[in-house]
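In what follows, a structure is listed as structure tokens, so that the remarks can point back to it.
Order as written gives the chain letters A, B and C; numbering starts at 1 within each chain.
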Amino acid sequence: MAQDSGTRTLISQAQLQRGKGKAVYWTLITLTVVIFTLVFIGPLYWMVTGALKSGQEIAQTPPTLFPKHPETQNYADAWNNLNLAKLMFNTFYYAIGAVFFQLVFDTAAAYALSKLRPIFGNVVLGLMLATLMIPAMVVIVPQYVTAIDLPIVHVSMLDSPFAIWLPLVANAFNIFLLKRFFDSIPEDLIAAAMVDGATPLRTLWSIILPMSRPILGVVSIFAVTYVWKDFLWPKLVMPSPETRTLSVGIYAFSGGTPMNVVVAASVIAAIPTVIIFLIFQRNIMSGLTAGSVKG
Amino acid sequence: MSVPQYRKAAAIALVAGLGFSIAACSTKGSDDSGKDASGKTVITVDCQPDGSQKDLLANWNADVKAFEQQNPDVTIKSVSVGQQCDNPPDFTARLTGGTMTDVFYGYMTDLQQVLDSGQALDLTSYANKDNIPTWDSVDPALKAVFTDSGKIYAIPTKNYSMGLVYNKTLFTKAGLDINNPPKTWAEVRAAAKKISALGGGVAGYSDYSAGNTGGWHFTAELYSQGGEILSSDGKKADFNNPMGKQVLTNLKDMRYGDNSMGSRQLLQWADLLTNAAAGKVGMFIGAPDATTSIVQQFQGKYQDWAMAPLPGQDGIAKGTLGGGEGYFFRKDLTPEQVKAGLKWIAFEKLTPGKGQFDYARAKPQNQPVGLPQPLLFAAGTEAQKQEVDLRKANQNVPSENFGLFEATPVPIKGEPANAQAIYAVLDSAMSGVLTNPNANVDELLKTAETKTNQLLAAGS
Amino acid sequence: MATTISFQDTKKKQRGPAGVNLSAGSRTRRGRKLRDNLTGYAFLIGAIFCFALFQWFPMIRGIVMSFQHTKRGVTTWVGFDNFVRIVQDPSFWTAWKNTFYFTVLALILGYAVPFVVAILLNEFRHFKGYLRILVYLPVMLPPASALFLFKYYAYDPSDAGLFNAILKFFHLPTSQWMQSPTMTMPAMVIASTWMNMGAAVLIYLAALQNIPGELYEAAELDGAGLLRRIWNVTIPQTRLILALLAMLQIVATMQVFIEPLILANGAGTQDSATSVAYLIYQHGFFQNDLNGAAALGVIMLLVLAAFSAVYVRLTTKQD
């Protein structure tokens, strides 16, 4: 069996390396590369260059492939008028905080459920996993009502970053992923550490966590992408212009802003994540697939 | 680190984390005294112009500075909430969440909603000449709009009525007489046809059909026919009749009969004004300050624009839509804060020669001066005379551009109760005739009527 | 602060999770057990606090709210009034119809396309990384960015729009896109699939890579052609992940919100875009009807629960 270029898939390697198979393979791959480039980069190109066009040029038929007189005015307007720097900072700040709180609280919880197993731990786990069955839209109204007037203490969380961070801790999927990973860590290791007098926290810190880097990476990636993509919740709990996220801020301004400026703002908003993605794409993609399939 | 310390640290971190998270939530809102550390009264005010309205923002900030100099014991914190100060869903969410500023902007139609939220302060004992020097000149009709059971809840700051806004440059190009704008919907249709014949993606007439603005314009156009949105008892929809039908038919004829409204529809506020500023719109209905927006936000020129009274079916409109805005006050303000807020509104919005009436400042900024609105002061009052004199002295918009609009009084009707929800329903009728060549006008009106009636029944 | 006390006592050296600890007599064991439980809950407290505040409590509160009415700060019990009002909203059935239509279209397009793409990519020995990055790139865009791109440029109904220009170039009839009640949904699904499919493709790819090559080899020796191999090997081997993603996708698309909000300004032309989630938003934050919105949320929960029950039935029967 030819093992040189990966495992056997639907079509055998040998078939693809001979005469007709080879021709078909190369035609197909060329077509795919061209079509995918057009489908996935094309719109982005259109977006970046479209925002360089004047209002007149963008309404022209047929549309121009390259901007005739590229103007950066739309980008400058978007950056200044929408206060994108602030929006971007907010979004990063919320994302980093979300990672922090999820890692601390969810790791601790999963560790307790997996290794410490206190009494009624399974009930707690069951109640947590049950929330996976509750779609976000269903509880959005009571969640909002809770956030604007916390029970007992009667304070409003609006415009406080905790209104984004704390609800994200209540993420049953993370707990599930982490617990399953911790479950796979041999009990002997922990027992040995305990015999040596290590406390549960020390065990978590110096034995479990170092072994769990991949899954912690996955949770972090999920947290960052989630904050970056979430829309309705931040729209509701971050009503002030100073606390908005990028998506919400651009949407809030779209009602009164010329469309080319809105698109320019959209381009600028996309740049940081695209760069982060291109730098960390290997980790992100392997993490995503590992997290979702193998867990 | 020894074992016990480890555990202790973890426990403290956990507990502190939770405690901190709750403490940090309560940072919102000023403290009860309404004063800062140096004993100054602090108020927050929304609807500060945003960065895209450079001149207006600079003017506002300069006004805040001047006001604080005049009133050294007051600090004003301005908040900009977006380009439309009152985006209905955001406004509702702010009311529900209690995140309005101390002094907050609202439409005339928002009174009931603000009252329902229990957030409005009764201003009756504060709204007087001591706090607002021009208060007695303010049109009583406007005060009445913000009054409920004899108590006033907001200070009116803007009042407009709608007419036909038209582009003089396109009129000239199309061979139309700029001094004789269309007076009836039939004439609008004929003019729109000529203007759209210029080509280049120019729409002869343009109208809204999304984001509640479609329903807003439908209402104005229905008023022009002599119709009403609601029955006189306010319990039933009253637009499914020949007048409502005429409104939609006029639009449908222009859109699909003549193809004179352009192919881009589902426009909302900014979309139409963007096109207008780019010289792609011949006519639309709007208030005089639409030209200010075109200049300030959409890089257009006020020199292009003129305004005529709203057209009617046969002759000038039988009625037009009037509306406006004002500032409400939060219930939890101290008397000092209320007084400071009223003084600020008086300074910025209700003093001839200051704030929004500072024509001498607006003129060199190339803002249109000489627009016949906002009509805040009652005719014949001292403040009204001063305002008109200052306006005339600094006028840069030729009076004939708005002369016809000013000289032809069209009865002004307010917006219906529950306006924003009804507008959302009527958007659908507007989008129907503007995007579907086979739209059935009767069906569209029938559906909108049913929905409105259900909405009214649910609300009561 | 009470929780800190349990950590003060650290005299016992041998401690560990329940079941690991084998020493000591029954009295100390009970004490240790209590301590172990307290330790366990000390680790859990943060997560429990957040779950209680933002999941468990709101769920109950949502149900309670749906039977109440609040006006000017006064709350009263109103029985099923909110549900009656919500069901009588003329947009109610339209919204459900639209939502189901979106879900089905998204299932056809957004579910099948990523699987086909994954099968294709899995065969390639070149440009692998490049193609994967391409497919995943839109997932990284903020959704508002992607949707404004579609709204303003791709779906421009004039001939200046990107899609219409392409159609025109190939002499195909152009479309009114979001302005046409019949095209609204397909257009929304196209945009949604474009910006979301990357994640599904990667998950399928991972699943495909786990299929043992011998199975294909054996099938080929049996004379199975390409399509037969897909049908007899690929699909059964990835069945679990296919079923799981179908479930996840249906639950996600039933909550479609941002696509109608941005692409169609909420309702779209003649209510062709109104979704159930948008209706919840509209009642709660537009019409100041939080109780009605809560009732609609409860209805949505019931529908999705019924759907899940059917799903579990179907998938367990197959096994």
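Note that a residue touches a chain if its C-beta (ideal position, glycine included) is under 8 Å from a C-beta of that chain, and two chains touch if they have at least 3 such contacts.
Worth saying up front: this structure is predicted, and the values here are computed from it rather than measured.
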## Note on the structure
Ranking chain pairs by contacts puts first A-C
#### Entry: Identity of the chain that, by mean CA position, is farthest from subunit C
B
### subunit B and subunit C: spacing of chain centres that average the CA atoms, whole Å
38
### Summary
Whole-Å distance, C-alpha centre of subunit A to that of subunit C, is 14
#### Entry: Length of the line joining the C-alpha centres of subunit A and subunit B, rounded to whole Å
38
### Query
What are the residues of subunit C that contact at least two other chains?
10, 46, 158, 160, 281, 285, 290
### Message
Give the residues of subunit B touching no fewer than two other chains, as numbers and ranges.
### Response
3, 7, 10, 14, 17, 93, 96, 201, 211, 268
### Message
Residues of subunit A that contact two or more other chains, please.
### Response
59, 61, 104, 108, 144, 150, 166, 197, 199, 236, 254, 259
### Query
Which residues of subunit B touch subunit A in the complex?
3, 6-7, 10, 14, 17, 21-22, 24-29, 50-52, 79-84, 87, 90, 93-94, 96-99, 201, 211, 268-271, 274, 277-278, 280, 297-299
### Query
Which of the residues in subunit C come into contact with subunit B in the complex?
1, 3-4, 6-8, 10, 42, 45-46, 49, 71-73, 85, 88-91, 156-158, 160, 176, 178-181, 264-271, 281-282, 285-290, 292
### Query
Along subunit B, where are the residues that touch subunit C in the complex?
3-4, 7-8, 10-12, 14-15, 17-18, 88-89, 92-93, 95-96, 113, 115-118, 201, 209-211, 262-266, 268, 420-421, 424, 427-428, 431-432, 434-436, 439, 444, 447, 450-451, 454-455, 458
### Task
Within their complex, state which residues of subunit A touch subunit C.
1, 5-13, 16, 28-29, 32-33, 36-37, 39-41, 43-44, 46-47, 50, 58-63, 104-106, 108-109, 111-113, 115-119, 121, 124, 127-128, 131, 133-146, 150-151, 166-167, 169-170, 172, 175, 187, 190-191, 194-195, 197, 199-200, 204, 225, 228-229, 231-232, 236, 246-248, 250-251, 254, 259-260, 262-263, 266-267, 269-270, 273-274, 276-278, 281, 284-285, 288-290, 292-294
### Query
Can you list the subunit A residues touching subunit B in their complex?
55-56, 59, 61, 77, 80-83, 104, 108, 144, 148, 150, 153, 155-160, 162-163, 165-166, 197-199, 201-202, 236, 239-241, 252-259, 261
